[in-house]
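Listed next: structures, encoded as structure tokens.
What follows is a pair of complexes built around subunit A, which joins subunit B in one and subunit C in the other.
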Partner chain A sequence: MALLELEEVTKRYGQLLVTDRVSLRVDEGALVGMVGPNGAGKTTLFGIISGDARPEGGRVSFDGVTVNRLDPAARCRMGIGRTYQVPRPFGGMTVFENILMATQQGGRLRGRESRLAAASVLGRTGLEGLANRPAGTLGLLGRKRLEVARALATRPRLLLLDEVAGGLTDPEVAELMDVVRSIRSEGVAIVWIEHVVRALIDTVDRLVCLASGRLVADGAPAVVLSDPSVREVYLGTDVAADPGART
Partner chain B sequence: MEWANAIVQGIVTGGFYALFACGLSLMFGVMGIINLAHGDLAIIAAYVAIALVPSTHLPMVWAFVVVVPIFALGGYLLQRTLLQTSLDRSPFTTLLVTFGLSVIIENVLLEVFSANGQSITIGTLITKSFSVNTTITISYLSVIVLAVAIVVLGGIQLFLSRTPTGRQIRAVADDREAAQLVGANYRHVFGIAAAIAFATVALAGLSYGMLTEFVPTSGVTTLLFAFESVVIGGIGNVWGTLVGGVILGVAQQIGAQINPAYQILAGNLVFLAVLAVRPRGLFGVRTA
Partner chain C sequence: MTTQERAPTPRTAASGTLHVRRAGASGTLVGAAGLVVLVVFAFMPVIVSEADTTLLVNFFVLLTMAVMWNLLAGYAGMVSIGQQAFVGLGGYGVLVLAMNGFDPVAAIPVAAVVAALIAVPVSVLLFRLGGGYFAIATWVVADTAQIVVSSITSLGGGTGHPVPGLSSMSPHTFAETTYWAALAVVSVSLGIAYGLLRSPLGLLMAAVRDDEVSARSAGARVMTTRRIVYVVAALGCGAAGAILAVSQLQVQPSSIFSVQWAAEMIFVSMIGGMGTLEGPILGTVLFFVLQQNLAQDGAWYLIIFGAVAVLVAIWTPRGLWGAIRQRTGIELFPVGYRLHGGARGLVTQAQLLDGGSAAGSNGPGSRAGAVWRRLRS
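Take a look at the complex of A and B:
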């Protein structure tokens, strides 16, 4: 059974159709990359899965349960974790408190257990040295790491990563990739939106492409990237060869 | 020595202002609600106490035991229903709704309790005081209220910084969507914050009823001082509110020392001066 299943999901903003009958299955432990030009509806699709956006049509089910009517907090507690494209840490709280809050709420842990879990997340995401820093004072890499750490701390079974590598230098991207691979190795399913296509194809085992709200390709990375409709979407650019491909 | 007395009296008055203001500060800081009914709610607490105590013949202490939890529960329910519905529309709607609440409360209180001044009698404590020297005499009651204010503000501060629920309140105040995303139900958290705010309103109202005579419209006047304390101290800063209250209280007492007619004016002038020099208040946090 699929962990996440979208059936014919449709979302409009006024007259604009942002997702058009999108159907997608993500299996337990899968690592799926999601590409597509700006405005293709990738982030909106994440919003529909996490509960931030309500679709007008279609069904979203997680672990066999239809979650359309559940709010984001309830979905988080069920095991859906999400990061924002622009990190949104709780600026007045320390890095540790940000993570602790996630282990206690989404992760449903208490007391000592929640602290141990938070400490372990700190270690895995390379934030140990910054534990007591107010989150608002972090730099971009620190914020990106914290964004992943906080989502990870909710103990998700499905993690939605929205451009965690965007704006980072190559060595920084490589560091974050290691973090993502280690999360994946624990059996957490990941759907990963990334503009840095090269970062994706080295890591994912499946790639989906979204364009103008529709799913235009779904399959092995090499197959998807050579798909004519995907090439058309990227205006003929060789996406695989251009690491910073941004349309 | 009269000046020293003015300062001492100002400090104890400031404690009351801070107690009155902390709920206001919490509701604004967490939910973004400017609760114009805050003062009237406090007066309800005082009226409930004078209605409750003679009819049940219970000692005054029981008024606290009963009224404060009822207010906390009422705060949670009001937040989850009326206030949340207004918030879902717009901040302006919320302002209008609390203004409407204020008008309704005042009129109902006038209808039920009349416009005659009343006060909560607590036996001999209200009149007892101790003298530091020949000019400085402090009433026990005002010192108790100051102590309660410090304990309440300190308690809120500890609660917010040390407990999981307090952390949720801070997170939701910062970014409610992101808080939802890590599993915090912000509506419930708002309810908890309102419950705390309403509990402090009840304490403030009961203190007010013991310290001075009150009428159904007393809440509005006192609300102004609460607003000034919050703004002087800086929104979202618990200890700032205490300092704000004390600064306001001392300014008013010094004004009164110069000329009794200047009491309120002096407080308002200090408030304006702080607004002009530090619009975010003395201890306000700069938001990014």
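Take a look at the complex of A and C:
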């Protein structure tokens, strides 16, 4: 059974059709990459899955349960963790407190267990040196890491990563890859939006491409990248070869 | 009062330990100091005059309200201008219980709980409204409560009613009893507020205040959080109103449901500093100092106090205590967390927890990962 299942999901902002009858299945433990040009509706699709955005039509189900009517907190507690493309830390709290809050709420841990889990997340996301820093004072890299850390701290079964590698240097991207792989190795399913296509194809086992709200391709990375409709979306650029393939 | 976690001393030489400690000054010290202050205050009626005891009762009442308003607005972002609804309900709770043969002093906690219970359905109505509408609606609720209570003739209607069962006490016993009851209420209120802020709920409130959207997707049940805080604030304001009923020997709708209570709790919280526990204490002290020195000039102290509030809001939006803390780093009530020990410590702790089963894995990351898996199950 699929862990996440979207059926004919549709979402509009006014006249603009942002999500156009998207159907998508993500199996337990899968690592799916998502690409598509700016404004394709990728972030919106994450919002629909996490509960931040309400679709007008279609069904979202997680672990066999229809979650359309559930709020983001309930979905998080079911096991959907997400990051925000533009980081949204709790600026007045320390990095450790940001993570601890997530282990206690989404992660449903209490007391000592919650603190140890938070410390463990801190360690794996490379934030231990920044533990006591107010999150509002972090730079971009720190904020991106904190996004991953906080989502991870909710103990997700499905993790939605929205351009967590954007703006990072190559070594930083490599480090982040290791973190993502280690999360994946624990059986957490991951959907990962990234413009750095090369970063994705090295890691994911499946790639989907979104354009103008529609799912135009879905399959093995090599197959998707050679798909004519995907090439058209990327205006003829050789997406696979160009490491910085941004639209 | 210090929460510290320390791994049992590991056998390996290069041992790091993880300490998760509540931020700021030593918690034990704060606890001891708080106890000393409480004991000193408990003996006050023996030391000071009866007039001063009465003054302190009023101080405790306002401090209780300010602590509660600060929880509501400063922590949970609910700007209420209608907390006098629960002050009034607490006061009338005592009256009704006393009229039915209850001891008025014993009725104080019961009346507070009644006010809190009434807050539950009220919150359902209020939470449908956002921002400014919420604030105005809280005032409407308070006015409605006053109108309803004023229309009950058996409770004296608009002129109010004396609280029976207090005349049997000697003036001295009465002053002492009221004082201790008020001291108990303010101590419990501060204790509850401090406990809440140090609990997961405190972290949750801070997160919701910082970013409601990302708090929700990290699992925060925003409505439940707000409701708990709202009910606790009603409990505290109800207790304050109950004390007022006893200390003033009577309740009168227009004074116990007066919007002046809301104004005062907002003033002192703003001047002292919202979003800290110290702020309302400092603000209330200032309020009473000003009031004592200016009260003979009629209502001037209120005007001056309003001006001070405006100046503080312009000069230091986080209040006087906010400015003090920024400069000195002092925290009398530490609610945050501090991590000591660094990366090495974290990993060591993780290994210990894991019972060594991660021995064969490669690298610290995966060791922490092993703990992670353990915690996930």
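By our rule, the second predicted complex is superposed on the first by the 247 of 247 C-alpha atoms of A that agree within 3 Å, B and C clash if a C-alpha of one lies under 4 Å from a C-alpha of the other, contacts with A are read in each partner's own complex, and residues count from 1 in each chain.
Methods note: a residue touches a chain if its C-beta (ideal position, glycine included) is under 8 Å from a C-beta of that chain, and two chains touch if they have at least 3 such contacts.
All values derive from a computational prediction rather than experimental measurement.
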Quick one: on subunit A, after the overlay, do subunit B and subunit C clash, or do they fit? Just give me the call. clash
Which superposed partner A:173 touches (first subunit B, second subunit C, both, neither): neither
Return first, second, both or neither, reflecting whether A:146 touches subunit B, subunit C, both chains, or no partner chain. neither
Considering only the touch criterion stated at the top, classify A:34 as touching first (subunit B), second (subunit C), both, or neither. neither
Please work out whether A:73 is in contact with subunit B alone, subunit C alone, both, or neither, and reply first, second, both or neither. both
If we overlay the two complexes on their shared chain A, which of subunit B and subunit C does A:186 touch? Say first, second, both or neither. second
With both complexes overlaid on chain A, does A:116 touch subunit B (first), subunit C (second), both or neither? second
First (subunit B), second (subunit C), both or neither touched by A:82: both
Per-residue contact with subunit A, leading partner among subunit C and subunit B: C
Looking at subunit A, which of its residues have contacts with both subunit B and subunit C? 50-52, 71-73, 76-77, 82, 84, 88-93, 97-98, 100-102, 104-108, 110, 114, 150-151, 153-154
Give every residue of subunit C touching subunit A within the complex, in rising order. 5, 18, 20, 200, 203-204, 206-207, 209-211, 213-222, 336-339, 342-343, 346-347, 349-350, 353, 364-366, 368-369, 371-373, 375-376
Considering the complex alone, what residue numbers of subunit B touch subunit A? 164, 167-168, 170-171, 174-175, 177-186, 285, 288
Subunit A contacts subunit B in the complex at 50-52, 71-74, 76-77, 82, 84, 88-93, 97-98, 100-102, 104-108, 110, 114, 136, 150-151, 153-154
Within the complex, which stretch of subunit A touches subunit C? 50-52, 71-73, 75-77, 81-82, 84, 88-94, 96-98, 100-102, 104-110, 112-117, 119-124, 128-129, 131-132, 150-151, 153-155, 178-179, 182, 185-186
